[in-house]
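Attaching a single structure in structure tokens format; questions to follow.
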Amino acid sequence: MEDVIVVIGGGPAGMEAALSLAGRGHKVYIVEKTNALGGHLARWDRLFPQQDPAQEILNDMLAGIKNADDKIEVICNAQVQSVKKRMRGLEVMLSNQKMILADAVLVCCGFDLFRAERKEEYGYGIYDNVLTSADLEERFKHKKVLCADGRVPEKVAFVHCVGSRDEKVDHTYCSKVCCVTAVKQACEIKELYPQAEVFNLYMDLRMFDRYFEQMYHKAQSHYGVHFVRGRLSEVSETADGRLQIKTEDTLLGRPMKITVDMLVLMVGMQACAQTEELSEKLDLKVSASDHFFETKDLFLKGNYAHTKGIFLAGACTGPKSLPDTLQDARSAAESIHRYLTA
Amino acid sequence: MKDFGFGIKKSGVIDLDKADMSLMREIAAEEPSFLHCFYCGTCTATCSAGKYTGFNLRRLQLLIKRGQLDEVSERISECMLCGKCQWVCPKGVNTRHVVMLVNKKLHARKIR
Amino acid sequence: MHERFANAYDPFVIPYMIGYVFVLAYLVVALVTVVKNLPMSDRKKMLRHLFSFKLFVTIKDIFADCLLHVKIWKKNKMLGYMHSSIAFGWFMLILVGHIEIFFFAPHRVNLPWYPIFFRYFMMETETSVGGSVFFFLMDFFLLMVLSGIALAMIKRIRRRLFGMKRTTRLKWNDQLAMYSLWCIFPLRFLAESFTSHISGGGFLTRSFGMLFDWFNQFMNNDALIRPMWWAYSIALMVFFLTLPWSRFTHILSEVLLIYMRNAGIRESSKNNGYAGVEIFSCSRCGLCLDPCQMVSSASLRQMASVEFTRNVRLRQNKQAMEAASYCLMCDRCVQACPVGVNSVQLKLNLKAADVKYTYPNRYDYVEAEANPMDTGSAWADILHRTPEAAAPTKKVVRTPEVVYFAGCMSHLTPKIEQAMVRIFEAAGVDFTFLDKDGGICCGRPLMLAGDRTGSEQLVAKNTEAILATGAKVMVCSCPICYKIFKDTYKLEGVQVLHHTEYILQLMEAGKITVRKSSQKGVYHDPCELGRHSGIYRQPRDILYRVLNLQQTPYEGKDALCCGHSMAGEGMPYKKRRMIARDALRKMTENPVDVLVTACPSCKRSFAEIGTEEIRDIAEIVCDQLVTR
């Protein structure tokens, strides 16, 4: 008899885990709350560190799922209503009244982007030329990044750590991917508009992974991006609709103002909105410090939830880059396989 | 004797071995958030006083932690205590309390 | 009635007399100390009050507050009865006891112990009408006090019955005083009961005496008489001796406090004189505990005002300073205090006493030529304006109708500034945005931190700039600024308005029109605007016209604090956040679309929690503007 696994969330982690599990002969149901698979990946244009098109990677995964349609069933526009323990396995009730008897459940509900409106002094939702990193990706897809009045931006500033490492919004952690994304996007702006001046306002540049430091090097030497060590304090609009931003050049020790045409806020990751609800339904533990799910440990049980038969993968257990998420999904599949065959 | 000019200018080297770290310890004891600062400079960027003068709270906090108190006592009075820095601080440092404590403790030292 | 003992004395009066003399001496010393610490003008006020008609008002107030505890009745009937039965009953026992002496033993008036131990020294001969009336009255008031003490005992265990979630925890000195107070009246009751077959007694003491006699088959009742009177006397002595170090000093000092207050004396900027009397008037009733959000939301019980006054009294300066630096000065405890102790002022005074530094010309840099940011602010322009430039003939200088002062905090809530500018424009008002590119602080934050000279220096700088604009109206968005502009600044010819007041004026004058939305909202009164400045009506009048305004249990004077006032510099951010989160949760218990406030600090404080839509009243009005 084949084992049945319910994967909650059809983002990269959910898709990759499903492929991995199907490859091992298990039956997988992907429960996705929106109408399509892909998660945040579907919103992105190109991926660090080597500018791979996000769409291609997504298409590869979608094709894999299509090929395995005898093993993987995708249920879109559905959410988990309840999970009950049964003699063998778990009874998963979905919002569309479908019931699945599962041997294991894998939670891959991912992350939400920080709502930049919460930092009112940064002007998102107030001034037209303040964007988030996700808004910018959307524009990169169309190969056009223009100001609200249709002008080509002459000066663009990127603000790192928006909604990350910030006690005032109760996100004390680093979101890991924003620094490198900011460097990537700064380079992309320069590719699009070589004349533009680009400023990256960072607190610490966390170029920790393979190729990241090279990207930083290229941004400085090849693209001439300006790196300013300082955090944005506030934004105001000038009479001509541009943005005056205030920061401190902390390396020089002097306050600094820059007038820019466009301001990009590198929004961090936060636990997804369903975290609390899912934690109640599936009896999962949520960390009091960062509000992401807790795994049994950070080493050998890194994909095990505290409840038997439930597993976790991807950014629902903390910020992860896409490569890390995919790795984590495959490792979760391995953990589930071991659990089911033990 | 030939003068190389070395003795004239004050050395720029911070001699941490001889630095006065007592103020740092006193402030940290009364306001533990003083130790949370990661020097992002948002306080300085938003500072109402910094617009007019060289007052730089990030730098002053660091100077206290390096025991370099001359500049601190020269500058600390310039703060208006308006509290913008406290609002924008991502680390939840009680900046206003830090400034109050520095003022009080430096004054107490002068009297002594 | 006639006397049982010719010498009118028994050794058991000695303990009582020790306590009596001690309390009298304490009273004299305390009064002298208080008066000595008062400025001459206040001393004159005290003397003048003694011979004025207002003295009757004072007597009435003392009667209502110290004996009947009218203010506590308004809070909770049980609590009110408990306080007034003890205070009023005891007072009546003393009063009627003295009248009794005048009636039956006028030659003993000069013996201070005589009215206290009257039933022992006097015995009834035949039942006279007058005597039975006194027996009844004395027993009635004794019963009243006993019922109050019974309630006080119950309150220690079941305080919810008295409308209190929390009550004070007592230290040994207070406990000793309280237990001795609790003992006095039951012991008096027993002593009088056992004596009642000799001296007579009323419905209570005589009946109990008989009942006890009937039950007690083994022992001669008379053997218990003198031990009981001894115990009664000792209980009185212990109470009197512990009084100066206990919370019961308020019995004496509250009378003085009311007298001084009615004589027109107010808190000065120092914690002596009147403030000293306030500190001793705190009865540690604990009514300030429940309103204090540091206690209810942030587990900071040790910071409550009742603990603060105690620490000041015991000269535990470190703890008192800590409480003062934590307190958000929301004034909720001051509102709740039945004695009228202004503990917020006391804390401010303590903070000010701790600021010993002053700096000459501290803020002259505001006018300095070299402006590192060089933003060309309206501020610097105004301060640099030469007399020629200020002359009305020059075109560059215009006198705007209105000066808009957003305040430092509003720069971090640009939506408020944006909304105000749009409202000014919609109303066609000629205005200057004084601190558009950043201004200087109003001085209230320094004042709240205890730096009074620093604050005065900023006030002087700002006054100069505001008057130089020549405007007749100044509108502020920040209630913190508004408070000091109103109370401390001397801006002659300039009307200072908070934007809630100003927007309502514009609406009522028909300068702006709004449409009502179906949005459901609640209004949060900022402390500085509400309790500190008394602006409650205007924001509500505005909101009734723009949205569906709902009520919360925290309206007006009962409003909660957002946790982020400019006071409380010592309170850790996490604690502030706990207060903000709890306040927000309470106000939005019935779900609404939006929580409206009128202060940039309150707005940010609640917005940081991130669960509800928080907006300033100006934004709401701006959204609902009907453009002509």
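Things worth noting here:
Should a chain be cited, it is by its letter among A, B and C, assigned in written order, with residues numbered from 1 in that chain.
Quick note on the criterion: a residue touches a chain if its C-beta (ideal position, glycine included) is under 8 Å from a C-beta of that chain, and two chains touch if they have at least 3 such contacts.
From a predicted model like this one, the values you see are computed outputs, not experimental measurements.
Central chain (C-alpha centroid nearest the global protein C-alpha centroid): C. Of the two chain pairs considered here, A-C and B-C, the higher C-beta contact count falls to B-C.
Our note on geometry: chain A versus chain B, Cα centroid distance of 38 Å, whole angstroms. Centroids built from CA atoms put chain C at 51 Å from chain A.
The distance from the centre of chain B to the centre of chain C, with each centre set as the mean of the Cα atoms, comes to 38 Å.
Residue positions of chain B touching 2 or more other chains, listed in rising order: 46, 50-51, 54, 87-88, 92. For chain A, residues that reach two or more other chains under the stated contact definition are 121, 167-168, 234, 254-255. For chain C, the set of residues that touch two or more other chains comprises 372-373, 375, 411-412, 573, 604. Here chain C touches chain A in the complex through residues 372-373, 375, 411-415, 418, 437, 573, 577, 604, 607-608, 610, going by the rule given at the top.
Looking at the complex, you find that chain A touches chain B at residues 121, 161, 165-168, 203-204, 229-234, 246-250, 253-256. Residues 325, 354-357, 359, 362-363, 365-366, 368, 371-373, 375, 377, 380, 408-409, 411-412, 438-441, 443, 445-446, 449-451, 454, 458, 564, 566, 569-574, 601, 604 of chain C are the ones that touch chain B when the two sit in their complex. Listing the residues of chain B that touch chain A in their complex gives 38-47, 50-51, 54, 56, 58-59, 87-92. The part of chain A that touches chain C in the complex is made up of residues 115, 118, 120-121, 123, 126, 167-170, 234-236, 254-255, 257.
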